[in-house]
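One structure below.
For clarity, chains are labelled A, B and C in written order, and residue numbers in each chain start from 1.
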């Protein structure tokens, strides 16, 4: 017999031996607390009926709390990432609309519910698979493209307490997963038995070799400046000194352009150039597959913006304030501002040609990024940072 | 360089049996503005051959006219081209007037010039919109369409219909200019000239746009002459010819305007010719509207014409926004034409698709062929 | 006239490698649109202003119509048909019925109507569930609020008038042209008098023939005639033809 508060005690998650995180993790903490309320109540009820049983003890034990806490943790991370992607989608539609002298989406909540309506619509479509595609490859490549995009989006930390992994090589892991999708796009284009898709897939590969090298150089430059590949360290190093956009302006602009290419958006959306290639590598995907591919596109755009924020805009910190009460919101707002510029570029520019993006990548971005690296090394050696 | 390399790249390439691929673009393809097909042969991304296929929209227009009385063909002539309906109606009326041997009132001539130039701007804006989407900028598309809407509103103001205007008549025009039309058109043109500079800034000041158009798909004067290209495509290759100036119809000889000519002959030159033509059209409209105002309210604008056309053959031609269009009429003395032949500029211009697109990349094909300014209504008739 | 655009463009290559101007132009419009509304119109809720002479579906003023069939003859898509309906007093009369599924909205019916009974109307939302619903009978063609602007006047000037230095507009073709009788072809069958919608033709006895029967010849009342050419078309011997005044 006991009071209910005997069972719900809000234990410290960091004291839990099963906790997989080395530092405080907010979504996991919320999950654990949630389980303490539910499981604690259950345990209390069971204990009322059968005093002194083992089940009650087991329900509030560390192991069970960790397990259920992790499930809620996963859900939370995904839902927040998903909703922020929808907001990105909505933001682009509204901003593009205003720039093109139209209104953008108009369905509910200033047009936000249009995303939901689109999702429902594509969900109801028939799941058609063309007769002569390589069915297995056709399916698993698109699954991987979407899956990798969701994974990398979930892995982006929103703050020092809202993360999935906190490795010392966190940045590299994210970039590695981020760069995976073009391979699947290439294979997918091949599997679709469609000339447009094949050219689209080839172009995705072509695009990747043009931007990937300068982009990685820029990432290492930022890491060099911070002295670590750990995202936390990079962010707090910027808080301690200055946002890295100031010492590496050229690098920031180059990275932004590369990030646009990475997300396959105008002006670098040559893999799905609808003027000549219908829908590029997505041509044969119909219904919800297409809807998810589109969503994955925006997820990648959102990841690009997040990477820019982490590397150049001080992540979730604000100057003179530091973390602030809700650093997650600060981070997302910064990402939305960066995404605004992506939409801006989309409204103002046209699509480049494949040979032009190769020229641009190797003859402009790569020298610029190396120049940026040189500047950073000079600063580092000169002892400014 | 090649001989120095360890791997003889060229030899390997020659030995490798790489197939060239035929890529079918259209009729259901975002690039084909209307129902036509372009089959391009690509070697990797580079176009090695192209073959335009038209005829999906064939409606038997010329045959159908043989069964109608002369006035009833005017609404049909509207349907030849959705973007520049007024010029075709004008051309048809001009042909019949020539066959009848009558002269139309001064006011009708000036109103027709105004209407024609409004149509030219409208059609060029449609083309600009297409160039925008083909090069991947949706903003250019929407801005051009927005400007076009103002000119469609002018059509509504003038004759009550937006696109299929049915406005010129044999012997004049359908109705007099409506109240305040001259004020509205001058305002619209003034506003448009400012707005067009914005679109120009979006396209010409963007290195992406310019580099996509500049230096690709060169045509020489000889090629142009051999293929019979007309309109901006011809003037972009250095041929200084414009029917409005060199074989004036209506009152174009009294209007002061320039015919833009460029010697480059590439895709960008064709683009620039059209933009300059829009500015010149604005000038023509301003002058013509003043002439209409000067003629006063009660000037005649439509003469009565006999319903039967004397037997004989006639042809008339005018400068369509897309090139030189021509109608050839064989009449047999009844109130129906015996034969009415249309020479559509696009039908001829599209035969240059191969010469224009070979050597470019797949990505350039829409950009290059947008410069033809495809309109299938008149091509297939 | 000066060349406006070609003088400024193409810019030299160094300048054309620049992409900032598009950003400036787009940004300007974005800034403007934050405070003002974009130009688009929310169609079903807001509508653009259209003038009275807008060419929507044809309208009919039942009382003015005489059923001459001019609209039927001039319609380029053959969507008008004369049908028999009861007028206000219950008498059967012929009035046009328009099949809007075929109508091209060219406005010819309104333009060539001798009595301006047919008008254009600014009604353009004409979607229906079945094709049958698209048949607009004479009563349904009526449009509330028909104004004078919706009539399409056929104002022509005679070429002979212009030559004489009197370029005056005649309001209608139908005030000028009249049917003319070719006397030796006429057999006096009275068909023209029957088909005349305005009863302008009267059969008058002009002597007797060899067999002693009366010879009937149509006499056209010029004040009543609207030149619909019904008599010309229905004459079995082609004895009537329109005399065009030019």
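Everything that follows uses one rule, which is that a contact is a pair of C-beta atoms (placed from the backbone, for glycine too) under 8 Å apart; a residue touches a chain by one contact, two chains touch by 3 or more.
Nothing here was measured: the structure is a model prediction, and the numbers come from that model.
When each chain is reduced to the mean of its CA atoms, the one lying nearest the mean of all protein CA atoms is B. Most remote from chain A, judged by the distance between CA-atom centroids, is C.
More contacting C-beta pairs link the chains of B-C than the other of the two pairs A-C and B-C.
Between the CA-based centres of chain A and chain B the separation comes to 47 Å, rounded to the whole angstrom. Chain A and chain C have Cα centroids lying 63 Å from one another.
In terms of their C-alpha centroids, the spacing between chain B and chain C amounts to 29 Å.
Touching of two or more other chains is recorded for residues 99, 101-102, 347-349 of chain A. Along chain B, residues 139, 146, 202, 206, 208 each make contact with two or more other chains. In chain C, 19, 22, 25-26, 29, 39 are the positions where the chain touches two or more neighbouring chains simultaneously.
Within the complex formed with chain B, the chain C residues making contact are 1-6, 9-11, 16-22, 24-26, 29, 39, 48, 50-51, 53-55, 74, 76, 104-108, 111, 120, 152-153, 155-159, 162, 167-170, 173, 176, 242, 244-246.
Chain B makes touch with chain A in their complex at residues 21, 23, 25, 29-31, 45, 132-140, 142-143, 146, 202, 206, 208-209, 211-212, 361-367. Interface residues of chain A facing chain B in the complex, by the touch rule stated above, are 96, 99-102, 195-196, 199, 266-267, 269-270, 273-278, 347-356. Partner chain C is touched in their complex by these residues of chain B: 68, 71-76, 78, 102, 105, 139, 146, 149, 153, 156-157, 159-161, 164, 166, 171-172, 174-176, 178, 198, 200-202, 204-208, 210, 214, 256-258, 260, 262, 268, 272, 275-276, 279-280, 283, 298-307.
Taken in their complex, chain C has these residues touching chain A: 19, 22-23, 25-27, 29-30, 33-34, 38-40, 42.
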